[in-house]
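What follows is a single structure, written as structure tokens, with notes after it.
The first chain written gets the first letter, and so on, giving A, B, C, D, E and F; residue counts start at 1 in each chain.
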Amino acid sequence: MSNIKKFMYVNRRAPYGTIYAWESLEVVLIGAAFEQDVSLAFIDDGVYQLVKGQDTAGIGMKNFSPTYAALGDYEVTKIYVEKESLEERGLTLDDLQHLVWEDEDDDWAEKDSIRLVSCAELAQVFAEQEVMFNF
Amino acid sequence: MSNIKKFMYVNRRAPYGTIYAWESLEVVLIGAAFEQDVSLAFIDDGVYQLVKGQDTAGIGMKNFSPTYAALGDYEVTKIYVEKESLEERGLTLDDLQHLVWEDEDDDWAEKDSIRLVSCAELAQVFAEQEVMFNF
Amino acid sequence: MSILHLVNKSPYERDSLDTAVDYMLDGDTMLLIEDGVYAAMSGGKAASKISGMKVSVLGPDLAARGISEEKLVDGVTVVDYAGFVDLVESNDKVQSWL
Amino acid sequence: MSILHLVNKSPYERDSLDTAVDYMLDGDTMLLIEDGVYAAMSGGKAASKISGMKVSVLGPDLAARGISEEKLVDGVTVVDYAGFVDLVESNDKVQSWL
Amino acid sequence: MNLTIQVNEGPYQHQASDSAYFFTKAALEKGHEIFRVFFYHDGVNNGTRLTTPPQDDRNVVKRWSELAAEHDLDLVICVAAAQRRGIVDDGEAERNKKDATNIAPGFRISGLGQLVEGGIQSDRLVVFGD
Amino acid sequence: MNLTIQVNEGPYQHQASDSAYFFTKAALEKGHEIFRVFFYHDGVNNGTRLTTPPQDDRNVVKRWSELAAEHDLDLVICVAAAQRRGIVDDGEAERNKKDATNIAPGFRISGLGQLVEGGIQSDRLVVFGD
């Protein structure tokens, strides 16, 4: 067995109504130190986590949405967003944060982290994973 | 204000998967001592609470379903079950416990506690209530 | 006697909005809070469920989730926590669709 | 690599069964536990969602909820906790649709 | 008006306790009376003084304790729910032979009748939960 | 096979901890190894020794402690989640200046890395939650 495993973090919850989105992100950040082959999937209400313009001042909670933009620095560069979930909610990619990473092997070119995929495509990505994290 | 209020306990959760059904019933039992005008409504997955033949031995939890049959003794005699919720789940009244109470004013005649009502009818019952309890 | 129907869950995740809508009578009001506010976003599939109904939405919960007011379904009014209190007072009772 | 899809919520309350079904590939198995077992009751509106799929259901959770095995959708198999463990072993990984 | 507030979920996991707090605060600011805040189900976990939230996050428990001190609020934790979940005051520690307590300032443990009484005595019952 | 079990909900409110317990027990009985049981989110509330469930109900916390003693299980409570929710051992009490502890026998508090390690070291990760 190789020491590098394919990890998939599956996010299906909206932010703030429950803590799952935030505590899931905490695992991703800690997990980055273990240098696994990490992917994140945003399905169903999980897509709301990436909506830009979040302002939590009125509910007294910490706004953790800026953390998603830092994922690239943690070498978390594969962020799958399910197309059907976005469409059902009347959202487009323009409603989400623009997440990028810098490719060391390509003269630090800035590349998109978000991959907009259909459910069928994402199911194939799931099939290739070794560990699914659920919150 | 009269000292007797119309209390409605609204039950929308299945039993055992979460504790809400059981801890809701505990409020009803305690509340009976306060001699209010009490009704219970079972809507959506709440109708599963009344399904007969529950056997919790295999999951190590207390089977609290016999408690519903005791509600008549606590003078809780108005138990509304929403028809649409039953039908959507493929259930009929025959799948539920037969809940009865004894009418003191009618020579202790045994009467049905369960009232099968449509959503529209139950909405009218809700309109007449003074306090809604939600779990 | 009028009811304030509180819905705090996403209409895409749970059945609570559907049932709340079924139980709304003339004169009742619905207030969307927490993840319930997503129902008030125009363009979403759930938006049609509340169109034409008397619906308010909690502003601080909208802002937290990045939903600007121009994205709301027509006719939905935004309230703050003080407005939430006023809605509780102006209706005869509250039904939380947990 | 095959997935064991765990569904623990009622299909009438949540969206998790719907999504799990969408993500089932050939060779995958679904296991219904806790309130998820209600999906396996024939006659319910959710029953059609799982028909024709490889679905197991946890017996102790069925019994607790008063569902006798003859009420199950055709083709659904009943397992106990030991069978649950075997399903985890015979699939390459587990996806819990929480 | 006179209000009873019911909180069904613990701190942090669900927004319920946050919403209940801001609603209660707004009601007080408008001059309404809070008859009681009743913590039920996992809501009893709002009453532990042992939490240490991150410094950049709100302190849910402390916020309730401070609001109670400021407005003389009656914060009641359901005893049956508390026993299941391990919220303990001096009386409970003695009764159930526990070697520690964890109840936070401003909270008290009492019976479910306190919720029913809230329903009877208050003009409105408002429930926050999952 | 070698398993890591994750529990996301506290005792009693949700069935998650019950299901995780019976699954873990069944896996042990079949001769599998449990690398670790990791308690996250409200799952950390499974690790308080202060519960007193009704006599006719199961004791969720005690059941975990006993299973751990019998099979030398590694029951790990996430430190960040525990701090938010008030689960405290001696070390945490000292660090955060708490005047009491509530951790149950057989549990230990550690970092999220323990969950990630479980994902790496185990053949399967099985998550129980809401």
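Definition applied: contacts are C-beta pairs under 8 Å (C-beta built on N, C-alpha and C of every residue); 3 or more make two chains touch, one makes a residue touch a chain.
Chains and their UniProt names: A, B = Sulfurtransferase TusC; C, D = Sulfurtransferase TusB; E, F = Sulfurtransferase TusD.
Since the model is a prediction, treat every value here as computed from it, not as a measurement.
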item	value
For chain A and chain F, chains touching each	D, E
Interface numbering overlap (same over half, different under half) for chain E and chain F	same
Farthest chain (mean CA position) relative to chain B	A
Cα-centroid distance, chain B relative to chain E, in whole angstrom	27
Separation of chain A from chain B, taking each centre as the mean of its C-alpha atoms, in whole Å	43
Rounded Å distance, chain E centre to chain F centre (Cα mean)	25
Interface hub residues of chain D, defined as touching at least two other chains	8, 12-13, 15, 34-35, 60, 80, 93-94, 96, 98
Residues of chain E engaged with two or more neighbouring chains	8, 12-13, 15, 22, 41, 54, 57, 80, 125, 127, 129-130
Contacts with 2+ other chains: residues of chain A	16-20, 44, 59, 61, 131-132, 134-135
Touching pairs among all chains present in the structure	A-C, A-D, A-E, A-F, B-C, B-D, B-E, B-F, C-D, C-E, D-F, E-F
Residues of chain E that touch chain C when the two form their complex	1, 3, 8, 15-16, 19, 22-23, 25-27, 29-30, 32, 124-130
Residues of chain B defined as touching chain F within the complex	16-19, 59-62
Footprint of chain F on chain D - complex, ascending	6, 8, 33-35, 60, 80-82, 84-86, 88-89, 93-94, 96, 98
Residues of chain A that touch chain C when the two form their complex	13-18, 44-45, 48, 51-59, 61, 63, 65, 88-91, 95
Contacting residues of chain A [partner chain D, same complex]	10, 12, 20, 43-44, 119, 122-124, 126-132, 134-135
